[in-house]
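The following pair of complexes shares a single chain, subunit A, combined with subunit B in the former and subunit C in the latter.
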Partner chain A sequence: MKLLTHNMLTSKFMKGVVKGYPLGIVASEVKEVAVDYNPDFVCRMIPKLEWGSLCSAADSIGKLGDLPKELPENIESNQDFLKKVHHLLMEVEVISGNLICPETGRKFPINNGIPNMLLNEDEV
Partner chain B sequence: MSEILVFFTQTNILEFKLPELKTLAKLSSVPLTLNENSHDKKNPFLVLDLQSEDDAKRLMKRTVLMRSMYELWASAKTHDDLYSQLAKCPHHLKAQYVQRPDGTFRVKVDAFGKKLQDPDRQDRLDKILGILPFEGKVKLNNPDQSFHLLELYGQAGSKTPDKPLRVYFGRWLMDGQRDQIRHYHLQKRQYIGNTSMDSCLSLLMANQAMVTENALVCDPFVGTGSLLVAAAGCGAYVTGTDIDYNVLHGKGKSSRYNQIWKGPDENIRSNLRQYGLEHCYLDVMQADFSKCIWREQPLFDAIITDPPYGIRESTRKIGSDKNNLVNHEHLQNHVPSCTKYGLTDIFRDLLNFAAKFLKKGGKLVYWLPVYTPEYTVDNIPQHPCLELVANSEQPLSVHVSRRLITMRKHLDYEEARESELQATVSDDHYTESFRYRYFHSAGVPEQKAKADARDEQDPLDRERKVQS
Partner chain C sequence: MIPTPKLSHLTSEDYNDVYEPAEDTFLLMDALEADIELIKKLRPSLCLEVGSGSGAVITFLANVLGNSALYLCTDVNMRAAFTSLKTGLANSVDVQPVLTDLVSCLESRLQEKVDILLFNPPYVVTPSDEVGGRGIEASWAGGTNGREVTDRLLPLIGKLLSRTGLFYLVIIKENIQDEIEEEMRRQGLHMAVVLSRRSGPEQLRVLRFSRASDPVPVH
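Right after this comes the complex of A and B.
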């Protein structure tokens, strides 16, 4: 699971959960893969991100580096910054671990990089 | 203005030709006026009025249904008419293409719906070369200019007339992207399943969804990811969800002939890797489509999907009729049980999903399976935020077909108006399950009798009857 995907996921579908965001990450294996840098795509994704949750997610798996806590201005021309965001969004992958609902603590396991967001039949 | 002749491929998806053409015109901003009612969908030829040759070529960049395009020099009912038109061929064309001793050329004679004999071909060639004395050198392979005489004798299945219905003469401009179909063909695909989408149809769906570079595309019933492959081929970044663990993880039985289990590198990611598109892969997730896992925002540029119909892939969601609690000690490896997820609900959820998660102007493209004798246009689900763009039929059997529906989000979704902004269907097509219809073809007496007889013969069924 890439951090880009993590930023888009919630557990709001669970009974009684109001926001379900952001999901916590407890990772037991994190991998870095090389992905072609595409500044246009990164620029398109940044407005769709919740910046704060990206920072806290990156921090929780020890990949935050020197990323600013506030989204800087004029990002289009800031290649250095875009490359860092690209790395975080596209190249860092959680291979195994758990996603955790912030309100109920329900764990959603990640195996082989694929999160399992299914509930059990007694939870629906 | 120039008249352009389009030669379409002949497949069982004839209804898709014009929607694809219109979409591609929009995608490449080529002004196009089409008189749709005057075009017989079985006719493989269509004449377009375009502003330039360049416009024509831009239309061909992504097409999978147009075979080739020609600059039309003459078109007539009979050969004699055609020849007299060619004799009056404008000077600028002659100067540019005929009186060109430095170039190479060829002239081809092709007939559609009839096999021409060699003497006939030669006769036509001689006539044309008599009228248009090309000065260049003949080169049959890869000439500078290729000229074509195309004759239409009617469709397959009809009786071939002696005289052609229509004859055309034109200069070849460009071929479509039919070779992309071979490039992405399922026979050579790393990982396939029982219901992987054919490469031609996948590419067509990506065209209908107007998928472009750097777009974000989602398939909520991803399966083996064949639609993601087509979208990534257009330069989009792709993601998807599915309820089936084995499909996503590439475990379990293989769908390939002569192979029992799936191999170690059979998964969606390796499918993209096979075509050098791994950089477009974001993620796939195991999720139940009736429970939306995404943070609400206009996220996707396009949603393309082929939901299960309940025939070869079951329609299911998490749930149980029994009121059983999952025992805590079994929780670790518990596989949740599934219950039926009716097609009406699936499509309603799909439209609601698209209304929330497509960005404005984004497209939803999906297949709707129908029982042909009872299908009406009222069966198409509707949503206040979505407008219907195209609806074309692919016949699957005498009674069953599926329709490719293209919808465009033209209105923003507002949380506050949730109760109004809901998907509806004016006439529910699935009051009786599609699966039942498919196997029983109710309403057709002989079919029904046959299906009942088959049920009678079913050994399991007979045993059960004996026991009771």
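Right after this comes the complex of A and C.
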């Protein structure tokens, strides 16, 4: 699971959960993969992101580095910044661990890099 | 012609639990190929396949569009999600599977963000009690009119699609196309039939839905 994917996941579908976002990450295995850098893609993805959630997710697995907590201006011309965002979104993968609902504490396991957001029958 | 993704990494054991690409799968790929110039013009950055199974279709799309988009896919079948991941890797593309019911865990974050949405649903008419499993039967069992699963996703489409987003849906004749068109019209979405094909007893179609009656963007 890439941090870009994590940015799109919520537990709002659970009964009684209001926002369910962002999901906490407790990672037991994280790996880094090389992905071709596409600055245009990063620029177009940034408006679709919840920036604060990306920062907290990166921080929780020790990958925040010097990424600014506030989205800077004029990102299109800031290659250094875009490369950092590319790395975080596309090259950092959580292989195993848990995602945690911020309201109920319900754990959603990640195995083989795939988050399991299915509920048990007694939870539906 | 765009090549079909490599699937030689999949074994008969995989196909015990995961739907093997068949005529419906290939018709959806053919429809995407027929529309590929349109799809490229829209410059999609977020693509989502619901119920990706083997992962052949989302991998096909990723092969064509390259690293200019995020390719999310969902399934309720654990083995299918893993197979989708493997199919992406075998074809050197990044596919991001999530185990979830339809779009449950993505719906609230993807409002008006999905550029290409794909669904080859369980469309076979079956008794209703065959619907709702998490094994291979979830890939075909569609309940009454073969629509029970499709009908849970359709009401969400208008909210998920981006301004120029496209939704591709596979149906068979028994699914009652007119009713689907009417439901989508209520959400302000226009329908077009991209391809039709007869395969044994199945009269398959791929439908495309968009906000504009002519989905070509204005530049």
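As a working rule, the second predicted complex is superposed on the first by the 124 of 124 C-alpha atoms of A that agree within 3 Å, B and C clash if a C-alpha of one lies under 4 Å from a C-alpha of the other, contacts with A are read in each partner's own complex, and residues count from 1 in each chain.
We adopt the following convention: a contact is a pair of C-beta atoms (placed from the backbone, for glycine too) under 8 Å apart; a residue touches a chain by one contact, two chains touch by 3 or more.
Just so it is clear, the structure is predicted and the values come from calculations on it, not from any experiment.
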> Would subunit B and subunit C fit next to each other on subunit A once aligned, or clash?
Replying inline: clash
>> Per the contact definition in the header, classify A:T10: touching subunit B only (first), subunit C only (second), both, or neither.
In response: both
> So, does A:N120 touch the first partner subunit B, the second partner subunit C, both, or neither?
Replying inline: first
> Just subunit B (first), just subunit C (second), both, or neither: which does A:N112 touch?
Replying inline: both
> Can A:V18 be said to touch subunit B (first), subunit C (second), both, or neither?
Replying inline: neither
>> After the superposition on A, what does A:R44 contact: first (subunit B), second (subunit C), both or neither?
In response: both
> Looking at subunit A, which of its residues have contacts with both subunit B and subunit C?
Replying inline: 1-2, 4-5, 7-13, 21, 35-36, 38, 40-41, 44-45, 48, 50, 90, 112-119
> Which positions of subunit A touch subunit C when the two form their complex?
Replying inline: 1-2, 4-5, 7-13, 20-21, 35-36, 38, 40-41, 44-45, 48, 50, 90, 112-119
>> Quick check: in the complex, which residue numbers of subunit C touch subunit A?
In response: 43, 45-46, 67-70, 72, 76, 78, 81-82, 85, 94, 96-101, 104-110, 113, 134
>> Residue numbers of subunit A touching subunit B in their complex, please.
In response: 1-2, 4-5, 7-13, 21, 35-36, 38, 40-41, 44-45, 48, 50, 90, 111-122, 124
>> Residue numbers of subunit B touching subunit A in their complex, please.
In response: 213-214, 216, 237, 239, 241, 243, 245, 248-249, 278-279, 282-288, 291-297, 299, 318-320, 324-326, 331, 334, 336-337, 339
